[in-house]
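Below you'll find a set of structures to go through.
Here chain A shows up in two complexes: once beside chain B, once beside chain C.
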Partner chain A sequence: MGLSLKNMQKKVDGEIHLTNINLDFESGSRNVILGRTLSGKTSLLRLMAGLDRPTKGQLLLDGKDITGMSVRKRSIAMVYQQFINYPSFTVYDNIASPLKVSKMDKKEIDRRVQEAAHMLHLEEMLDRLPSELSGGQQQRTAIARAIVRDAELLLLDEPLVNLDYKLREELQIELQEIFKKRESIVVYTTTEPAEALMLGGNIVVLDEGRVLQTGSTPDVYHHPATTKVAEVFSDPPINYISCDLKESQIQLGGGVAFPLSGRLKTLSDASYKLGVRSNHFYLRRKNDEDIRLTVKVELAEINGSETFIHADFNGERIVIQEVGIYSRKIGSEIEVYVNPSRFFVYSDTGQLVMSPS
Partner chain B sequence: MNKWEDNKAWFLVLPVFVIVAFSAILPLMTVVNYSIQDIFGPGERVFVGLEWFEEVLADPRLHEALMRQFLFSGLVLLIEIPLGIGIALLMPKKGWGASLSLVLMALPLLIPWNVIGTIWIVFTRPDIGLFGSFINGIGIPFDHTASPIQAWITLILMEVWHWTPLVVLLAYAGLRAIPEAYFQAAKIDGASAWAVFKYIQLPKMRGVLTIALLLRFMDSFLIYAEPFVLTGGGPGNTTTFLSIYLVKIAVGQFDLGPAAAFSLIYFLIILLLSWLFYQVLQNAGKGDA
Partner chain C sequence: MKIKKRTIVLTFYFVLLLLPIYWMLNMSLRTNADILSTFSLYPKDITFANYVKIFTDASWYSGYINSIIYVSINTLISLFTALPAAYAFSRYRFIGDSQMFFWLLTNRMAPAAVFLLPFFQLYSTFGLIDTHIAVALAHCLFNVPLAVWILEGFMSGIPREIDETAYIDGYSFPGFFVMVFMPLIRSGVGVTAFFCFMFSWVELLFARTLTTTAAKPIAATMTRTVSATGLDWGLLSAAGILTIVPGALVIWFVRNHMAKGFAMGRV
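== the complex of A and B ==
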């Protein structure tokens, strides 16, 4: 039971926006669609909502074909990047609006509106107009309007992207609670790996209109099937170091080599790409097994309580993310350490060979 | 402490002050000056107090002109605002159709006002005018120089043709500024086209419509060139609006005192009504973003 997308394709003016989309969403499941800007996230949501018709393919709800069904007849709620509320309605009337259209009993409407307002901490704001609210409260109103009707499909299109980070964190936590209580299929799009991880559930990694990988969110994070998935699902993007495996030694550029150890021993001789997440580089040795790389600093930025050092290692650009504040001179050579057990090993063609245990 | 004695900043506002003084304040004060004196010639003037105001306010022909002016502006606004919104809603949203309709809409606004009058004189001539001869052709005798009703119809048609495009352009800009997501949200809610218009488009257009209403009220209340050219205030006095009557007093009869008093009253009426419109619109459906 749930929503299935079968071989869906969307072309606009001959340009392919989405292709070969085969996805299943179960009732009561939480799903994240992760992808960069213009990867097709919004197009996909619009197809699922029925706001657009697919060029090819079918949309099935509980096994029934609903591809051509009008939006009005479907049971959908949607939250957008922009804060969309009826400008001349109070918060109460805004939340009640989808229920009023369906001609529900007045008392039931009131009960549901109060419940939704309570969940989103809007009790005090019910008499206000949207323009009298802060951005966060406006989006809370929009979310309350979306959850009030218990739609079969609850779509959220980067709902927190226009909020400042404090509000975003606050709502991320609250949303998880709200989603848990739903029986509907929740689909949430985001560009941020951290947000995807926080929401958990299942994930669809989308890039250039194609589905790259699906699965449970932590699972995909730990085992990104291709270099592309790893790039989309890391922030800052994952670093790659090319290497050759010869004579039981991994040879990086610039004469750096280290012997195979642990699980790496099972690899056969070939060229590989080693993927390292930025937070797995350290400025200090942590462990005896750590290998040392000498890199040239190109840029050092301090972001809150973290330092990001952009550096060059044999012509390959890497980013080191270290907790704490460090200053490193631009152009200077520094040493960074990484534990070989942290390597994602990808084949030359970008397929995952081995992920960190 | 020295802060209050340092008046150099006045020099910075001086240019603006001089320009405003010469373009607005001095002419206005001259009018005020004229309105309370009887002027026979250079250096020969008598202070008359409020005499001219009393005379003008008691003038029955001014009352008639004022009533005509209200009727004209009222009719024009009642037609132009809804018609303008309607056309803006029907206009294509993108592509060459949008550009074409915008250009077509802008055309009447580019024509000098007295030329508009001339165009409509020719257009409505019963013998050779496209409109006039057509109406006569279908059996209705048409001559706006003879029938007051037909003169009014012609004037209002001309005004609507000339100025509705301004309302259209403003409303269109207001509509285009509404994010697409509003319409999607309404669609998902199952809202009807009427509900979308009433609860999304109209509240979102309130700002531009306020401007459209104010501009159209002021301009139609001040209308001069077009009726002057088309009807000259006739037949009889039936299309003599305030500004036409004012010019008759000031230039035709050279009664500068009463004309000045009249001008001030005219100015105050427009100021008062514009303020009223503005207040009403600001308070209607308050709080729309």
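== the complex of A and C ==
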């Protein structure tokens, strides 16, 4: 039982925002919708919430059609990307508002508000107005209002994207704890692969209004079905190197060739695209099987404990992510190493042929 | 140095603005004989006779009461019709919404005299001549579009997500509008009420044409001071000072929101 979207489509002014959406969300499941900006994540959430009507298709809750049901009658809670609270209510009244509307007993309201405030560390701010809070606290208030009642559907639309890095990490961990205790369907949208992996559960990869792949989050991360999914689900974006397989040898451009080894032996002769995640490139040889590529450095940036090197390999742009701080001169030729067992092998048309075990 | 220069210029401007009002106050505290005989920068023998006359003569003070009644009715009607209209314009898209919005404004472009005769005939037919409601309704022609314009600006400044959050929380529409939305546009409502009040308060043409005696506004009463024997300067000035008072009071209450109101809420 749970929420199902059947063949949903959303058109706005003749422009298709979402099409062919068939999804199932089980009760008690945690779900992540991953996609870049403008991929239709928010539109999808709004359809699920009932804030927008689909152009076509149905929304079923436990098998019952609720497509046309008013938002007020549904049991949902939603957290927006912007910090949305009632500006004229105190934090306490903000959190209590969904309970007050449902005419709950005053004592019970107080108990629940205190509990939610405790969970999100808002006890000290209950008497303040939202405008007197920091951004992080405002968003905590919004989250507290969403979790204070046991809605069947809890929707979070990139709730942490407008927060600073530190707060985001803190809230990510807290949110996981909160989600664990809930029996409702939690749907969380994000643009960041790292956040999606952290939340775990099931994932829906969305791109340009279409569902690309669904499944358990780690599963999809390890086996992205198409090059597009792999691109959306890695940060920095996955690197692609075209190659030809001939006479049991993989020939990359620029005369680099290496013999098939391990799982790759089962591949038949054809043109392929090899996908390599940035963190699988190394500046030093780690293993005897490693292949050496000579690349030209275009840009090197240091991010605290990591170094990102943008480089050119036979006209294909690749990004190398290496732990530690390394300086490489722009324009210089350097050698990078990659283990063939780390290759995602895609066919010419972008379908996954083989993923690293 | 720079600040000082500005202070001087502003003080000069302020004095210039206040001068006619001061002169009116000056005259209102003197007798006609005094006004017409000697030039004096301040009243030497202060007399409140003019004010006493206004407050004791029913034909004078009823003018104020009539004006206040129809202005209040008008302000209420304008607000209660403009609030839902402005909400619709700011939140929903429908065919011809922007055209309709502009059409509302065009109502303010026509000179009042154009409507005068049709209004007179219409109100006569319905037997509404010389009633407060007649003037209040006539002034809606100007005030409702204005109120819609100002309120729409204020409402558009409130994120739509707040409405949606309220629906998600389970508020009914009236519940949301009164409990959540109204407190957010409170200053907008105040400014709108002020503008409706002011336009209706100073309007003379409709007010005089649609009334005879029972609902005669103060502005019409003031014209009585002109007679074949000359002008009753003192009485006219006292009445003038008293007409300024309500407006000044309302301005005092909404002074912090005035700039936003003049920009139709789009600040």
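Assume the second predicted complex is superposed on the first by the 357 of 357 C-alpha atoms of A that agree within 3 Å, B and C clash if a C-alpha of one lies under 4 Å from a C-alpha of the other, contacts with A are read in each partner's own complex, and residues count from 1 in each chain.
By definition in this document, a contact is a pair of C-beta atoms (placed from the backbone, for glycine too) under 8 Å apart; a residue touches a chain by one contact, two chains touch by 3 or more.
Remember, it's a predicted structure, so these values are computed and weren't measured experimentally.
Engineer: Clash or fit: how do chain B and chain C relate after the overlay on chain A?
Structural biologist: The answer is clash.
Engineer: After superposition on the shared chain, which partner residues are touched by A:48: those of chain B (first), chain C (second), both, or neither?
Structural biologist: neither
Engineer: Which of the two partners, first being chain B and second being chain C, lies in contact with A:319: first, second, both, or neither?
Structural biologist: neither
Engineer: Does chain B (first) or chain C (second) touch A:72, or do both, or does neither?
Structural biologist: both
Engineer: What is the contact status of A:131 with respect to chain B (first) and chain C (second): first, second, both, or neither?
Structural biologist: first
Engineer: What is the contact status of A:102 with respect to chain B (first) and chain C (second): first, second, both, or neither?
Structural biologist: both
Engineer: May I ask you to decide whether A:84 touches chain B, chain C, both, or neither, giving the answer as first, second, both or neither?
Structural biologist: both
Engineer: Which segment, 63-71, 225-233 or 279-287, is the chain B region that clashes with chain C in the superposed model?
Structural biologist: 63-71
Engineer: In the superposed view, which residues of chain A touch chain B and also chain C?
Structural biologist: Residues 49, 51, 71-72, 76-78, 80, 82, 84, 86-89, 97-98, 101-102, which sit in both footprints.
Engineer: Which residues of chain C touch chain A in their complex?
Structural biologist: The touching residues are 159, 161-162, 164-172, 175, 180, 183-184.
Engineer: Help me check something: in the complex, which residues belonging to chain A touch chain B?
Structural biologist: Of all residues in chain A, those touching chain B are 46, 49, 51, 71-72, 76-78, 80-82, 84, 86-89, 97-98, 101-102, 129-132.
Engineer: What residues of chain B sit close enough to touch chain A in their complex?
Structural biologist: Listed in rising order, the residues are 179, 181-182, 184-185, 187-191, 199-200, 203-204, 285-289.
Engineer: So in the complex, which bits of chain A are touching chain C?
Structural biologist: For this pair, the touching residues of chain A are 49, 51, 70-72, 76-78, 80, 82, 84, 86-89, 97-98, 101-102, 145.
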